[in-house]
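So, here come the structures, one by one.
Common to both upcoming complexes is chain A, partnered first by chain B, then by chain C.
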Partner chain A sequence: MSDYRVLPGPEHFLPPAAASMGIRLPNPGEAHINGVITSEEKAYEEAARQFLMAKVPTIFPGPLVLWAWNEKAAKKATAIRHLFNTLKESVQPNQKPMLIPMPDYRPKYPKINPEIEINPNHPNLTIWHNKIDCCVFIGVHCHQANLSLKIIRGGTSCYTIAMCAQAGHEDAMLSFRDASVEKIMLLADTIKRLKGTVQPRLASAKNGVSS
Partner chain B sequence: MAEIKSVLGTQNKKGQTYTDPWKLLNEAPRTPSFFTGSEVIKEAIRRATCDVMIAYPITPQSEAAALIGELFAEGYVGDYFRGESEFAVMSQCAGAAFGGARVFTTTAGPGTMRAMENFPMWAGARLPIQMIVTCRGINSPLSIQPDTLEIAYLLNTGMLVWHAETAQDFFDWILKGYMVSEEPEVHLPLALCCDGFFVTHTKDVVNLTPADMCLPPYDPYRSPVPCMDMECPPVRMMRDPFVMKSNYISYATHASWQQEIWAAVERSRKHSIHWLNGLIDTENTDADIMIVASGTAVSQGREAIRMLEDEGVRCGLVKVKTIRPWPEEEIREATKNAKHIFVPEFNVTGWLAKEIRATVPNHHRVHAGPHVCGGMTMPPEIIVSEIKTALGMKTFSLAGRGS
Partner chain C sequence: MSKERIQISEALYDIMPSDYQDLVKSATYGKDDRGWKDIGTSKELIEQHSLCAGCPESMAFRYILASLPNPEDTVMVGSTGCTSLVFPMVAVHNIHSLFGNQNAIASGLKRALSVRFPGRVKDVVVLAGDGATVDIGLDMTLQAWFRQEKFTTICFDNELYANTGGQESGLMQKGFVAKMAPVGKLFDKVRLPEIARESGCHYVVNCTVSKPSLVEKVIRNAVHIAREIGPTYLQLYTPCILEIGKNSMEGLQEMRDSEKPTERFAYKEYISDPAKQLLAELAAKDKERKAAAKQLAAQAQAN
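Entry: the complex of A and B
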């Protein structure tokens, strides 16, 4: 097993892909935390805890759920809205949950508007601008999600979570696989259950801004 | 996977039943058949639910390409045509794969080299195209004979590279190859290589799965990049994407993209082990002498081991099945007891020996050879002779006439 751990950065000028450092994806029914395979139950708890601790917990929905390709995508979008609403209801007044879409992967020049969107080619801009210290990717194509997750790990201290519909992401600090409406709802339920039991980070604590 | 599962048990227009791939390859009855390697390629594609096959004639793959044309005429392949050149073929394969098709092609020698620009493009675009490479000489003066040098050029393209020893490997690995390369976390092209003529033009007994069972179709919606998105990389390559800009984030994105290709090669390891029953096969790993080989050099090594046994010399074997992903840990473990590691190869540069030297500790143990190339055969006697010479044993001249 690899000694490498997938941790909040800023890690390196060009951080390695976690897969190249020996981090392996979870099998069905499993998840990973920091690159260590774990049970999904433990991952739900940890993801909820990270969201409830964060000053700016953020959901980044991608094209696979933002566009109504099929009935399943539409249901996932509804579930994500429920997750966001649950998050808003569960945090304290000094926390600022956000929902920022990644509607497509078109490179935007001269730069994106980080107030309203995130792009896989420079996701750190959105993280830095909004001081995001915990985020979850849902419905982003796997290749583009890995690019984003690695760039975020390279240049920010943001805690990254992936709710992947396929095999999961080593480049996130915490990853689920085979994401479904039920799994998104279960994450929302876990956040609701842990409401009030987790202390948010202090204002002076490390935030999403690169040091 | 729900979409794939829903077609299992149903039939395609040829009356073949879409079958769970694991059951098809591991549990379905097998019929021994006496076929050439080219015919075996045809039989594998008959069962592969292939949407598009494109090729350009070049020896020794032409026969396989022509036989798949027969499959198209019979209705087993969705579309089939000859490109204008190998470069055109590989570009056309990319177009078909971008559009969400399961794509198959065959090439060889100078054709592989001519098309080379496309292979890193395929990998970067995450296209799970399967390409059969029936290896032959690539240099001038022209040779159509077996020679594995072209594999060396494929190793850093980002493609998966497997090296089949026998026609049976070929049949099974064509079907298994799609299962590995189409996994969403892998989703890379596969170069399935064999030694031209030795495998393609000789007949062997091959155990075939039932012709009325086939793989489920490819599901492009599991792709890690959007299927046929004309506005975004990788389809949109030349107008305004990040690659055309000169700034830190553009370079960083491109670097991250490259890393992701090689991460995907790493992820293929788990699936390749699952489908191929390991990245290597081994025999007698407790022996002092090991032969490590790929392709038909494995068969010659196996015969050399039998001959050495007759002389009281015990020797082990490592058959390297996948060159990418490279079975680093497996080779290190299998050769840990060896005092001498011999690497017989059908090419002049000894690329496999270089890979092994970079992998094992105490690399002075690696003997890069024997080599043959340009179409020469490799009699097992020359492997025996190389080993006996290294051990200080008396051996005889293989090339001279008289004493």
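Entry: the complex of A and C
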């Protein structure tokens, strides 16, 4: 097993792909935390804890859920809205949960408005602008998620979570696989359950900004 | 992708940037009589472009995107050059090819779309600069025409390599001195419209983009003919105002000056016989459709 750990950055300008450092993807029913394979139950708890600790916990829904391609996509969108609402109800007043879309993958540099959207080709702009310190990608095509997660790890200290509908992402600090409506709801339930048991980070902590 | 599938998930509608909401609400996807007159009254398929202020290419882009007959089922293929700066802002599926490969990629794409979506109209439109079309990509351009591939090739002819500082291109006029071509062009402008005709294109037009209604007409003709009969080619003059020493507001006049009867962009059109027949049929259908719509409107008013 690799000694390499997928940790919040800033790692450096071009961090290695976690896969090239020996990090492998979880099998069905598993997840990974920092590159270490673990049970899904533990991953739900850790993801919820990270969200509840963060100053600006953020959900980034991608095109696979933002656009109503089919009934499943629309249901996932509803579940994501529920997750966001649960998050809002579960955090303290000085925390600022956000829901920022990634509508498509066009490299709209430098026109992107980081207040209202995130772009996979320069995700740092949105993370820096909003001081996001924990985020989850849901409904982003894998190749674009990989690109974004690596850029975020390279240039920010943001904790990244991937709720992947396929096999998961090595480049996220925490990754689920085979994401479904049920799994999104389960994450929301875990956040609700842990509400009040986790202290948010101190106000002085650096958020999402590279040193 | 059909228009019906381009819908935003209701639960996340409010967080979508207004650009996307507008595209779904008021863009002209699926509208039969879409055209340049929609510009200003509906959501355009091009966002703010990243070209130079006053660039005629930006006008051409707007007119072309407003005129495509079937944008929701069109794939555009671009190539390296100023056009590749605009494609990221375009709400039509597009592919960026390697420099000069655009017609080869479009050939494969058109064939693949025909296999994947039999019985459904899928248009492919190549849009590249003169360097990609005539110099670096001439082989691929001609071979696609020889093979009678059913797609439209549009060349934005600015008569030099504008994107890299003004090098000589095959479509540059003889004697022209550019920043990176100080000796001056030693041979004539390549006569690609004539070459296109001889290579099997069924519809060839050489013009400027000074008149939006003309651009609309030639785009619609070219796409319809390519869809049914075979390759079509449009050579549109989109001068690079920076490289020819003009100011931002002088692009339109430059095009008007260049389309005079004795000039190199005087309107030139070639239509093959089968294409002529198709255009006549389309015109007749269009007339019928308009008459029916008029009758329907009159009936509605009477009721």
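FYI, the second predicted complex is superposed on the first by the 210 of 211 C-alpha atoms of A that agree within 3 Å, B and C clash if a C-alpha of one lies under 4 Å from a C-alpha of the other, contacts with A are read in each partner's own complex, and residues count from 1 in each chain.
As a working rule, a residue touches a chain if its C-beta (ideal position, glycine included) is under 8 Å from a C-beta of that chain, and two chains touch if they have at least 3 such contacts.
Model, not experiment: these values are computed from the prediction.
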Which superposed partner A:Ala73 touches (first chain B, second chain C, both, neither): second
Touched partner set for A:Met185, first chain B, second chain C, both or neither: neither
Which of chain B and chain C A:Arg106 touches, first, second, both or neither: both
First, second, both or neither for A:Pro61, with chain B first and chain C second: second
Chain A residues touched by each partner, larger count belonging to chain B or chain C: B
Intersection of chain A interface sets (partners chain B, chain C): 106-107
Interfacial residue positions of chain B with respect to chain A in the complex: 126, 183-185, 187, 222-226, 229, 231-233, 240-242, 245, 249-250, 252-253, 255-257, 259-260, 262-264, 266-267, 270
Chain A to chain B touching residues, read off their complex: 14, 16-20, 24-25, 63, 104-107, 109, 120-122, 141-144, 146-147, 150-151, 154, 166-168, 170-171
Chain A-facing residues of chain C, complex: 5-12, 15-17, 20, 47-48, 50, 88-89
Chain A to chain C touching residues, read off their complex: 61, 65-69, 73-74, 77-78, 80-81, 99-101, 103, 106-108, 111, 113, 116-117
